[in-house]
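Next come two complexes built around chain A: one with chain B, the other with chain C.
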Partner chain A sequence: MTGAGTAAVAAVERVATRLEAERDHLTELDSAIGDADHGGNMARGWRAAADAAADVEDPDAATVVKTTGKTVMAEVGGAAGPLYGGSLVFASAELDEGLTPESAVAFAETYLEKVQDRGDASVGDATMVDALVPAVHTFKKSIETDELPPVEALAKAVEAARRGVDFTVPIRASKGRASYLGWRSVGHQDPGATSTLFILEALLEVAQEHGDVTVADADATSPTIPDEDV
Partner chain B sequence: MKKLINDPDDVVEEMLDGMVQTYPDRLRRLEDTQVVVRADGTPDGKVGIATGGGSGHEPTHAGYIGDGMLDGAAAGDVFSSPTADEFEALLDACDAGEGVLAVIKNYEGDVMNFETAIDLVEMEGVDVETVVVDDDVAVEDSLYTSGRRGVCGTILVHKAVGAKAAEGASLAEVQRVGQKVVDNVGTMGVALTSCVTPEKGEPTFDLGEDEIELGIGIHGEPGVENADMMAADDITDELTEAVLDDLDVEAGQEVLTIVNGMGGTPQMELFVVNRRLQELLGDRGIETYDAWVGDYMTSLDMEGCSITVCVVDDELTELFDAPADTPALSVQ
Partner chain C sequence: MSVGLVVVSHSERAAEGIVEVAAEMGGDTTIEAVGGDGHGGIGTVPGDIEAALSAADSGDGVVVLVDLGSAVMNAEVAIETSDVDAAIANAPVLEGAVEAAVAATSPSATLSSVREQAESAADVDKV
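After this line comes the complex of A and B, so read on.
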């Protein structure tokens, strides 16, 4: 059986691979408005997290996510460590009872809440929140209101995140490092929103690969993966 | 640049090892971390005092560990916040059952990592309160933070909360006096030269032979004004006026002052600055209850200084006068 835990390990590995591939891209975005360390820090941190996740014995989703979060928190550092990693640690508790569409929504919401609390950012500040808020809200609505299968809901969430990333280009950053540039931040795509999209895209890929299992078996072991949905 | 460094990647590790070996009776390093705590641990029944931040500001932070001040400090890499797991280990180690006060300098990385660690230890049942220090009057937003930066005024927070905790006060009481210092302290700095980070090996910013940077922080980040070099008295006037205006200090009030060296400035020059500072306060009818001069919170090898003014009352003077016994600060 492909358990949710195994799928989660695969998802973290995919995220790490993707962030490694996008390292220079993220660095370039960050050097325009920040201190050019986002690409390197994220690639290094998530590689370490993927290695740690692969070492989890008898993986269940909550443990894999918690391990990932702890590692990202410790390895990425700066503000990104707590935002990307710390929030995962807290949100992982939502998966303690297993991964279901409902727990995946709860996970995504808790993650978003932690990111917003910690970073004190709202939509329109040109941060990762601009990708995350539409993604989480779309995911929730797709599951709860539209009753879509989790993989489809995640696909819609990724679309929403992509629009959120585009939205960061024309607006002025008012939180995070880019905000120190004031109006000069206009015209730049936010690196945090971008890396958040990359993570979601990697999760969707893995979710789609496990898609058959998901639809047939939408119970506690359903590897919907929107669990690390960020 | 000639530096007493082996490998830039090892400099913080080696510094911490050297520090603990210098004070084996006072300091202990938590295994597998860059956290330093009191050799004998937080005394039973006392609120723990924890702080931390980037390295390169020595003797901040671990230099203030000891009776009457800190119980532990996390050291990040040079000018980088410690990670949340390091702060978590620190908070755990500093708790002797009465809770921990976290003294945080207002930099985005420090605040986020400390707060994440606090959430984690609170889940384990450790009580934590925080004081966020933002005493730099020079800038609202900087390269490293939103809002004002936390700089040398932090030392006075350490002193006050450490003294209060040593009295056996509750966590809430300790937090209150920490916040009281924050509400009454201001600092402004000047750089004569840039610092050189081990990583980069060359000056972080360019400053001409005849230029100074007013309003610098403690990381070689830009200040508020690039000015022509002036005499010591004129520089002192600029810094002091900015701080006094911000604090709205009036004649008849009592203050504690610090002339803090940035790491590369001789004491001779710091005393010259203090002489003018006291003259200026005297002219304004402001009374100095105590004046400190020395390297309290540095920026590697940067030349320059900062001036800190803290408006005091009986409660604060009592806490500042209370005994402290640490490697970097001793009050008998």
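After this line comes the complex of A and C, so read on.
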């Protein structure tokens, strides 16, 4: 086991590496329905964030997340800057007392709330919200109701996000740049939901390495449907 | 003291052009133009908007005119992080900037009166 701050630095580095590897893939998705800048913007911004996170002295999770968010906000540009970066800065306060299963749930919920609030998007608008809502609700349920270990809970959340990404393909986009296309957005996978999944997958990898746990096959085929209207 | 204005566009040149038009009607109102992704491309950056808020503020607050999508979000982030009392006008960017510039020249102008005047531009018919 390593400290949460060190793990957080490693996580940001893994996210940056993953987004750099997926740059062309994300650009391809975005060029179908948007302005073809998501891959380049995310890769550039998260690389800058990983470098900034690595420079944090005596890192704790909250400071690393806040530094990451500020850098993403300044460097990614477009709507992704405030949505990914601004929400991280805002939610980082939930980790001020350290990283625990409870604070991780609070962090995830606050992040989701900020994304929905800022982007004014709901489930079914074909945005990153379609990946985030099932992921955050599944994570919360796995921790609080099923009392699973955090890494297993995260694995289930990743699976839920993956199906959320698939859900963006057949539906019509009603928020963001893709909404200008109307029905022509149907049949396209949302780039923001996709990059959100990549970020969660990178987090899971690092959590498994730093928690010294491996989760073989997460079964999230029956995710929790949230009670409240989301 | 007077109410200042900030015009935010995805294009720095568009923002400057809108300021050029609005300034015709704006007397000595301070109007700052901000735009671009900070790398010479199209986009908006919250840090640049925050700097423009400070430059436009003389103590009575700042009304912000924005173009599309992420300009709105980045302006919201900038206002949240700034010490300046600022508000986004729900108005078309050019028409709203002209209305706001006129309203800001009034001796009794306040942040809310300038914002309201800017928002009246949403009802302007072209034909």
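In this section, the second predicted complex is superposed on the first by the 211 of 230 C-alpha atoms of A that agree within 3 Å, B and C clash if a C-alpha of one lies under 4 Å from a C-alpha of the other, contacts with A are read in each partner's own complex, and residues count from 1 in each chain.
As a working rule, a residue touches a chain if its C-beta (ideal position, glycine included) is under 8 Å from a C-beta of that chain, and two chains touch if they have at least 3 such contacts.
Model, not experiment: these values are computed from the prediction.
Engineer: Quick check on the chain A-based superposition: chain B and chain C, clash or fit?
Structural biologist: Result for chain B and chain C: clash.
Engineer: Determine, under the contact definition given at the top, whether A:Gly78 touches first (chain B), second (chain C), both, or neither.
Structural biologist: Both chain B and chain C are touched by A:Gly78.
Engineer: Should A:Lys66 be classified as contacting the first partner (chain B), the second (chain C), both, or neither?
Structural biologist: neither
Engineer: Contact-wise, after the overlay, does A:Arg162 reach chain B, chain C, both or neither (first, second, both, neither)?
Structural biologist: Neither partner.
Engineer: Could you let me know whether more residues of chain A are touched by chain B or by chain C?
Structural biologist: Of chain B and chain C, B contacts more residues of chain A.
Engineer: Using the superposition on chain A described above, determine whether A:Gly119 touches chain B (first), chain C (second), both, or neither.
Structural biologist: So A:Gly119 meets both chain B and chain C here.
Engineer: Where on chain A do the contacts with chain B and the contacts with chain C coincide?
Structural biologist: After superposing on chain A, chain A residues 73-74, 77-79, 81-83, 86, 118-119, 176-177 contact both chain B and chain C.
Engineer: Looking at the complex, which residues from chain A come into contact with chain B?
Structural biologist: Listed in rising order, the residues of chain A that touch chain B are 35, 70, 73-79, 81-83, 85-86, 89-90, 118-119, 175-177, 179-180.
Engineer: Over in the complex, which chain B residues touch chain A? Could you list them?
Structural biologist: 76-77, 80-81, 83-86, 108-109, 112-113, 115-116, 119-120, 141-143, 146
Engineer: Per the contact definition, I'd like the list of chain C residues that touch chain A in the complex.
Structural biologist: Result: residues 37-39, 41, 43-47, 69-70, 73-74, 76-77 of chain C touch chain A.
Engineer: Spell out the part of chain A that touches chain C in their complex, as residue ranges.
Structural biologist: 73-74, 77-83, 86, 118-119, 176-177
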